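To keep things clear, I will list the structure first and then write my remarks on it.
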Amino acid sequence: MIRALTTRRAETVPLLLLAPALITMLFVVALPLVFSLWTSLTPYQLTKPQTLYTFVGLRNYIRILSDPAFWIPFGRTVLFLTIALNLEFAIGLGIALLINKITWGQRSLRTIMMFPMMFSPILVGFQFKFIFNDNIGILNNALQSLGLSDQAIPWLVDAKLAMFSLLFAEIWMSTSVFAILLLAGLFAMPRDPLEAAKVDGCNAFQVFRHITLPFLMPFAYIAMTIRSLDVARAYDIVKVMTGGGPAGRTELLWTLIARTGYDNSKMGLANAMAFVSTLLSILFTYYFYRKLITARRFMGGVQ
Amino acid sequence: MSALVESRASKRAKAVALWLATFLLMAVICLPGLWVVLSAFRLNREILAKPPVWVPEVLTLLNFGKIFGWGEQQIGIPVGAYFTNSLIIALTSTFIALAIGMAGGYAFARYRFRGKAALFLGLMLFRAVPGIALSLPLFMMWSKLGLINTKAGLIIVYVSLNVPFTIWLIDGFFRQIPLALSEAAQVDGCTRWQAFWKIEFPLARSGIASAGVFAFLTSWNEFALASQLTRSTASKTLPVGLLDFTAQFTIDWAGMCALAVIIIIPALILTFIVQKHLIAGLTFGGVKG
Amino acid sequence: MADITLEKVVKKYGALGVVHSIDLNIAHQEFVVLVGPSGCGKSTTLRMIAGLEDITGGIVRIGGRVVNDLPPRKRNISMVFQNYALYPHMNVRDNLGFGLKIAGQSPAVVAERVAEAADILGLSALLDRTPAELSGGQRQRVAMGRAIVRHPDAFLFDEPLSNLDAKLRGQMRAEIKKLHQRVKTTVVYVTHDQVEAMTLADRIVVMRDGHIEQTGTPMEVFNHPHNTFVATFIGSPPMNLLPGVIAGGAVQLADGSVVPVPVRAKAAEGQPVMLGIRPDDISPVGHGLSQDGPGAELALNVDLAEPLGMESLIYTRIAGQEVQAKLYGPRIVLPGEALTFRLALDRAHLFDAASGKTLEVR
């Protein structure tokens, strides 16, 4: 380093460089979060502005936690997340293994695989809204033309089918993240333990299960950690595909929060719900982070 | 002899299975997008026709013109205004985020100071706040500050959305440049500032460009915050426009598809460019002796 | 006049001291090598001279003026970095001319000086290439070229040869020496390789743990080391050190065998000492460098012999301790052979066992 880094005078340079970033984040993120916390402790409604200054303690939180109208979307969200992550992992793994085996045109295949990542959630939602439309969507048209069905299947209206459609869209969009990370893992894997296992008598499946898979787990956990932070992205897709309906059948946490806050003007309650939901995503992230650390520890001997 | 024939047959079967799986994969990935793109060039009467028309009889650019307000058919969504808004907001927030990100990234890459690790972690954690969660207090704050429905209001928010990731990326890119290069430039007669602009910045240029592309795409595609902080053509962006469109004109699918195509095209082009830049930035050979 | 003086120079990182008050005078046009094991502070010292590290204490002068608070660009020095630090996005010509352009020199002057440097270093054909298209040795020369175009008061080299393979290292060493003869400028050169130090230096500065152990010409440091550290650091294979005690006016080794005190060494009766003798100075009788002068003879068994052509490196034991000796000549030595070895006492050294300091009287 050019100038001594430990004198007080020299420390001002990096801090000056970071000042704009810090100011921005404090003003646009930290401050609103504090404000949000305050709001969650009030009965604030947009239509009654004076309620912003009433302090009611944890009333909102208690109300939320004892209201089934909250727990149902909560449960639906957890279910949605769990299924999505597991399927994205499994399918991503399959895709990674597949691409790993292909030698001709592998580069183009990897590029194509990244396509879904370039679509914003809104576009993905719209795309599948178009495809799953019961009247003119290509899926129903195809099924009817092929004679596999004689009536319009309500992909976006029936409770279970709608959840399926949302899952399909979400998985379509995000499996690439897993596939890319797992592919990177496959490329980085040392060959020696594989060959040793084959010499030791393992068949292909055993090699995969005992050698390949444990090595890939840290990569999988990285992907899961990242994805669980993106829980909120479920908002964009749901909003455009079903709007949380019909009749709240596909209401997930974040569409519920948005409706409570913006449509029903109950800001205090909405902010409280937001904190509870953020806690959920942090817990998920932390859970996967712990698993990542544990898995990484075993890999020390490999590399 | 038969074992050999057997294994050759099974090898062929495996290859076929592999190709089938790959084909299926490509189909699932590409078809949905392609269908939307195709539909953007078709007429509504074909899309809505029953029984469904598979092979398009007519291909037209009418839809694109229509959503921009040209030609005889007009729709109530001012896509032209939304497009300009999206462009201005995305470009401005990217430019500012890059400037802030370069300063911050350089600080993390080149300096040691107290609380550095904690600060870094803190910055990254900010990104973990979900957009909707942030939109609630921001909506209230921005109302009080008069920033609702202004381009500036959205630009400020997008800058903060992009700063953490931009700093992280640019920090990584500056770390790849040996400090000895800056020192050599200083021994050669440069001030630290000159050494940065003449040596370190040119070498990190492609990395900074890709950070810029990521920031642009984030702003271009963002929906949750935009939907709440905008009210009219003064500031509404394309993603919000798409939702409005689907909510209002539920049978003009061709128009909606055209709008979707407009949104995706910059994203596709930029992502393609970033790929090449990322590879180019990693192959500077003459840096180390 | 570009002499460099260091006066009580100290370097600390917080509470951690890296260089502890060193004094050094480097004369105009002298080639001084700072040598020592890694972590001894030699690179830090060099970087303080360059201005790339703050000086915690003491004074550094270049050409008579105090440079402590001057940034590198104001000190009129050039530096060749360990990894060359060539600007990868510029071709060789621009790399060479960069410093001059920054200084605002006219394009004519820049072109002239660049051509001059390229000519001296044999780079004229490579001017349009980028660093990525050059070999290791070529990059080294561009780094040196970049240093000489600015006609600085001093060249600073920071372990420039450590990234080259052995053969290239030998070639480049000679080139650096030739360069110094041609472009007579003060050089401060840092290395951990004592061979480089011995072959290149007008004067060697041996450093350890932030202190200067000894300065002197290569032959001075080789023939008259001030302490056991310098004695074993300079010279390859390293000097043998045998512990003993002064008894009856002679050196008594661990197993009781007695060796006369080396010439010109003085020690007190009963003083614990270390007898130092280089492998070159222990040889089987008749196969050594010199056969006359004061010597002592010992009958030893050969443990192992490594033939090197016209000489062999012999591993044997004196007083139970493994010792290396040299045999000059084409004779083959077999393990287990018993030979009479002659120790050249006029070339042996005596050190105080406790402090490591030499007991030589000059």
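Order as written gives the chain letters A, B and C; numbering starts at 1 within each chain.
In the analysis below, contacts are C-beta pairs under 8 Å (C-beta built on N, C-alpha and C of every residue); 3 or more make two chains touch, one makes a residue touch a chain.
Since the structure is predicted, the reported quantities are computational estimates derived from the model, not experimental observations.
Q: Taking each chain's centre as the mean of its CA atoms, which one is farthest from the centre of subunit B?
A: Here the answer is chain C, farthest from subunit B.
Q: Which one of the chains is closest to the middle, using the mean of its C-alpha atoms?
A: Chain nearest the centroid of all protein C-alpha atoms: B.
Q: Please compute the C-alpha centroid of subunit A, do the same for subunit C, then give the distance between them in whole Å.
A: Averaging C-alpha atoms per chain gives centres 60 Å apart.
Q: Can you compute the centre-to-centre distance for subunit B and subunit C, using the mean CA position of each chain? Integer Å is fine.
A: Using C-alpha averages as centres, the distance is 57 Å.
Q: Hey, how far is the Cα centre of subunit A from the one of subunit B, in Å?
A: Chain centres of subunit A and subunit B, defined by C-alpha means, are spaced 17 Å apart.
Q: Would you pick out the residues of subunit A that each touch at least 2 other chains?
A: Within subunit A, residues 2, 6 contact more than one other chain.
Q: Return the residues of subunit B touching two or more other chains; collapse runs of consecutive numbers into ranges.
A: Correct list: 183, 186.
Q: Which positions in subunit C are in touch with at least two other chains?
A: In subunit C, 52, 71-72 touch at least two other chains.
Q: Inside the complex, what are the residues of subunit B that reach subunit A?
A: Residues in contact with subunit A: 18, 21-22, 25-26, 28-30, 32-33, 35-36, 39, 47-48, 51-52, 54, 99-101, 103-104, 106-108, 110-114, 119, 123, 126, 128-141, 156-157, 159-160, 163-164, 167, 179, 182-183, 186, 192, 217, 220-224, 227-228, 239, 242-243, 246, 253, 256-257, 260, 263-264, 267-268, 271, 275.
Q: Mind pulling up the subunit A residues that touch subunit B in the complex?
A: So the residues of subunit A touching subunit B come out as 1-2, 5-6, 11, 13-15, 17-18, 20-22, 24-25, 27-33, 35-36, 39, 95, 98, 101-102, 109, 111-116, 118-123, 126-131, 135-136, 138, 141, 144-145, 172, 229, 231-232, 235-236, 239-240, 254, 257-258, 261-262, 267, 270-271, 274-275, 277-278, 281-282, 285.
Q: What residues of subunit B sit close enough to touch subunit C in their complex?
A: Contact set of subunit B toward subunit C: 178, 180-181, 183-191, 194, 198-199, 202-203, 284-289.
Q: Please output the residues of subunit C touching subunit B within their complex, sorted ascending.
A: Against subunit B, the touching part of subunit C is residues 50-52, 71-73, 77-79, 81-89, 98-99, 102-103, 130-134, 136, 139-140, 143, 146, 150, 163.
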